[in-house]
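This report refers to the structure that appears directly beneath it.
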């Protein structure tokens, strides 16, 4: 993976600039690309493998609670076009039979079958979307397992959307700015023509904050933590409750777990 | 030898530019005085040369006819390659100037076993020439962003299209690539082919290297050693608004670029680069082939000694009578 | 001079085109002096010295964005020892809050239209 | 050589100008798409690829099919294809360019397309597809330029071109194989997840591509003095016949596997396409049209008398082309996306701008094809001195 | 001729340039026998009043130049740019792109880099630069400039009489630089110090005196034509009756004198006579304006004007309405591009109208001179000719565009139309060797003499090879053309490069096919050779 787009360009330009010689060019101008060792801020939340646990039992449905969705979409400047065609969504709710179609069972409790479950990017351990991306615009962070999007590099081919078996990715079919009710200055909007999705609030983690949806859930149905840490809340929950993942048969190893 | 000399000349110019940027006392000279002088030389020299050409008449109408002439109405004539109207000539000239029509015909001859003399397609010179000239023109016009305030919309539009591919920061202009590629091809071609090397003079290598130098210092400045672009524009605007100034922040690479550009301007009117203007004045291209339709006058039509019929009859009178050819005298 | 009826207009057209900036600027009544920037009050030091920032800011932003977004290197240690977040919105615009007075002025002057603002948002000022 | 495209009959110019008009109109819509985004298409969050990528899939096949004339001519010295080879190669060139153009117009950020090369991603079939397509274009341009240039001069082509021609044969297979990998390697898309995808693509390509070539050659015979004779055409028709048989056979294999195994995730897509799912029957008429045309085509092709009838053959070829175009285009694309991963049945209908942009790319392809065929045919007429 | 190498030897052309700089190579006339022409004879120069008449040879050490020859050349070079914009522009703007290099038949055939048009021009340009440009004065060779000295002058003589002014290079030049124009002016300069070739000067002197290049006296001119009249009667049984210097005729017919004298051009002349007889055309020959050709073109613009003068002069005297011109190359360059300017306006003539079809030749309304192919094509188009195509079936014909009609006039379709009308078997030579890209016969511009035979054959390689190609591929056996010099120079080119191919004029083919009233049953063509299907009969007859 190229360190920076500039280096990539330098390689290209170095070849093109006959007579200059690529090497000295590269050396002379790559100096700033060897940055000082950054000090991670003390407050940043770090983990080896971030995961989320959704306790569907706790998730409120009677009064159609959408706090997690609203909050997430608000802090991430997710637009609302009001139509399913152009729709962009990071987290959303669907009936259980849609979220888990292969778990379909005629005699399932009505409660569960029609239960709205929270869906989001699974931040798979083995993400097909990352595999197919032709520009490495989406990649898996080695440090903490978050599947990230680089909106600057995405060419909008939507191959990742075809590859994602969970429908977790959205495309900016049109300029999102016009349909964001209140723009949050702390987070950029996207430009039309790129794919986006849940990023496990990477920008919040670095500030020492837990994901916005987890924070917003008044039913405490969401838990977020490090799977590699045996002491973590998520490990605790998973060890104590029966849980499932979406489409485990595909081998993608989702990192979002559902307690049913 | 010719190449080395040209290379040396360009090297010296670059060194001068570097010096001009470094030595405080020279910055004004290199940043203002020389550019003014160069532009003046360019404009005056070009106008002088064109008028020098124009002072000579075109005594005969000698178009090279590259297609069927206009004759009988049922024969399709070649209106652009052999025009007989002013409109046709304009068309021919437009094709020539904008698309290098004549060079497009270029072929490559080879003698194969047999012997078989064969003529193959050869569009490389044409393509490289076209890429180079068009890119150069677009780059030239694009530079007007430094000479105008506010920058006119069409220049911004041109920049947008030229930098359409989002490569690098600031974006790479495709014309920059084409220009360098075209020039490099033309240069290598000159060195590669023994025939071409044989006919090439310093005056052939020098402009190529000079323009290559201009392009590379420009690219260098845009993508590698950045210079203060606002300062550059202030300098440029100073020149065109006659309130010259040389901002401190403008770096040495810019002065290298500038001295090369100035050299190009100043060198232009006295070199083969005048083909830019000359192509318009070429009598084999800019005249209509209406020779038998419209009279063309030679302003200095010479008086010549002729052998008139009367003299001829006088000389051959006996023979004419013997051959029973009628005589005037009878 | 022969063929003056073609050559003179041709030359004049060429001269007009080549000297177009003279007439254009005269008509626009602009002077040579570029925009004066409004530097943030109370701040003495940008990420790099001012002159270097003039030329290199776009490169720094480009590098930062890759480092922050892709490598997770979100913090930059300034030579003076302070640490700053590699963020256009938070760090750069934190000081140079008035985009119109800072970024746009120069960019317009130089005829540059970066696409930063397609996504990144200028904080609202009082 | 190139100048031959610059002079022609008024019929030629009318056609060229008509194509340019189509391109021009399509271009306006493309500009609109650049400004407003892909929202002006019928694509959605659930069906993210549609008409554009469907055309990519189809035309990769057309491009690859050039191998069906190149291979017999160069490897088996089948002389009858001598005059057709250049037409096959000149069909491949616009076809590849169309493929690239369809990818380009499908991009959300086409201005960043160079990222594919700046940040090469060897795990992505799309990266390899780009490489394969570019390579194939270069190969075909070089081969056509060199061999045709030599033919024009009346001399043997240079020796170094032969290995390049040989290379172009597996390369042709590779472009369609890699294109099949775009789809067949995705988990969770049951319709595409089949090892037979690449063989199916190749079979349909070797039916559809030569069928187009037959139609073009018949048209050329009609409109110009250039005549490669009927024998190579009938030979091509045999190729179409066998390839179409294999293609249909492969489809039946898929249907057996899916319906005998009864795995819903695989079955639902076929059900959606052929009988409709959850009341959505958008594609049913299309798929049955394709099926019926395939049957008609096979009948016409399998009876030698009909196949060798100059009037019937175009009908058969037309049926093959339309059948494959529907099956490989709309069917493959929408069928793969519906039902969605969350098991919703959605519809995809291309919009007018989308169709116009598609037509623009068709126009570009047709224009390049016209120009190349014009050059090839005019040069041939000159070499042969046909009057 | 005997020293001429075999054709496959000659075709092994080495294109490697010499190691020395081109300014350092000298012409060795001794070694290069067969590639230059004998100098102009004293008497010829004297007759037309050219400077420095004397007996000399290029092989001599001393070329007997005037003492101040350098001054003369300098002054001549000073004067000409003021009169010819072309010279100024062409000297100033060449970028040496080299597109012209392999376009010259002499370069293709010889590999001599100074036969690249660019370098040929550079021979003059280098001196021009030294004398007229600051850079050249200061930088000398570095700027491509050099002083005029004897070696340079000798080189000029060699290479400017090794250019046939065919203008093929000019077609490809992105600025239209025309080597013919440069060669013409360089030859003018050479003439100022008495350097010229006899194969040009003799015809010029002849033409000035008798009215034709061959120096045929009026009675000989008439006799020759009447001899052909008799021949025609013998083969066809038709008695044609041309008139000479007849006042009041509608049309004055002028053709190159080669047609009157030489084989196979005389069969073209027979063709004209038969055609005009068939049409019952009211026309006359002139024994004064007895040559349309104009070798003055190969000396100086002034000499060209002097020789051209007689045509309008005679037309006015005879009171004809317009002039019809025969098949010729350089004659048509003069008529088309120079005559009106030199000796016009011809207001005493009328705008040409075909008396047979009524077609007005709109393209000649100023000069009032019509090309015979334009005239005949119009007849054919209007169905005025009755002919039997099969009479030309023994010929498998290809057509050679002559340089001047192709590139200084653009008459490309008419001859093809005529040939296709009167012949069944017509084949084009390869592209790049026909129409505006046609190749010279190798002997134009006064170079068609025998002492120059090696260079002629070298220059004829591209043309001869193209003929050979159609001969091999389509069994072509006849090369048609419409130029008197071609008819003289192409037969040796064909014999050398494509043996078995004959040469004929377009109107010979026309007359072969033309069915005349009261003619004999035709068993032979105009040459007296049996038609296809009559071979045995003819043999039996003899």
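To keep things simple, chains are lettered A, B, C, D and E as they appear, and every chain counts its residues starting from 1.
Throughout what follows, a contact is a pair of C-beta atoms (placed from the backbone, for glycine too) under 8 Å apart; a residue touches a chain by one contact, two chains touch by 3 or more.
Predicted, not measured: the structure shown is a model, and the values here were computed from it.
When each chain is reduced to the average of its Cα atoms, E sits farthest from chain A.
Every chain gets a centre from its CA atoms, and the centre nearest the mean of all protein CA atoms is that of B. Comparing chain pairs A-D and B-E, the larger number of C-beta contacts belongs to B-E. Here the CA centre of chain A is 57 Å from the CA centre of chain B.
In this assembly, the C-alpha centroid of chain C lies 47 Å from the C-alpha centroid of chain D. Each chain gets a centre from the mean of its Cα atoms; for chain A and chain C, those two points are 34 Å apart.
For chain D, residues touching at least two other chains, in rising order: 109, 112-113, 118, 154.
For chain E, residues that reach two or more other chains under the stated contact definition are 85, 430-431, 469. Under the contact definition stated at the top, the residues of chain A that touch 2 or more other chains are 1, 5-6, 9, 12, 191.
Across the complex, chain D is touched by residues 104-105, 112, 116, 118-121, 123, 164-167 of chain B.
By the touch criterion stated above, chain E contacts chain B in their complex at residues 8, 11-13, 15-17, 22, 49, 81-90, 92-99, 101-103, 108, 113, 116, 118-119, 122, 133-135, 139, 142-144, 167, 170-178, 181, 208-211, 217-219, 222-223, 244-247, 287-288, 301-303, 305-306, 309-310, 313-314, 317, 335-338, 340-342, 344-345, 359, 361-367, 369, 374, 377-378, 381, 406-414, 417, 430-433, 435-437, 461-462, 465-466, 469. Taken in their complex, chain A has these residues touching chain D: 1-2, 5, 8-9, 12, 84-88, 94, 97-99, 101-102, 119, 128, 130-137, 153-159, 161-167, 170-175, 191-195, 247, 250-252. Chain B meets chain C in the complex at residues 43, 46-47, 50-51, 54-58, 144-145, 147-152, 155-156, 159-160, 166, 169-170, 225-231, 233-234, 237-238, 240-241, 243-245, 249, 251, 277, 280-281, 299.
Partner chain C is touched in their complex by these residues of chain A: 1, 3-6, 32-33, 35-41, 139, 141, 143, 148, 150-152, 183, 185-186, 188-191, 206.
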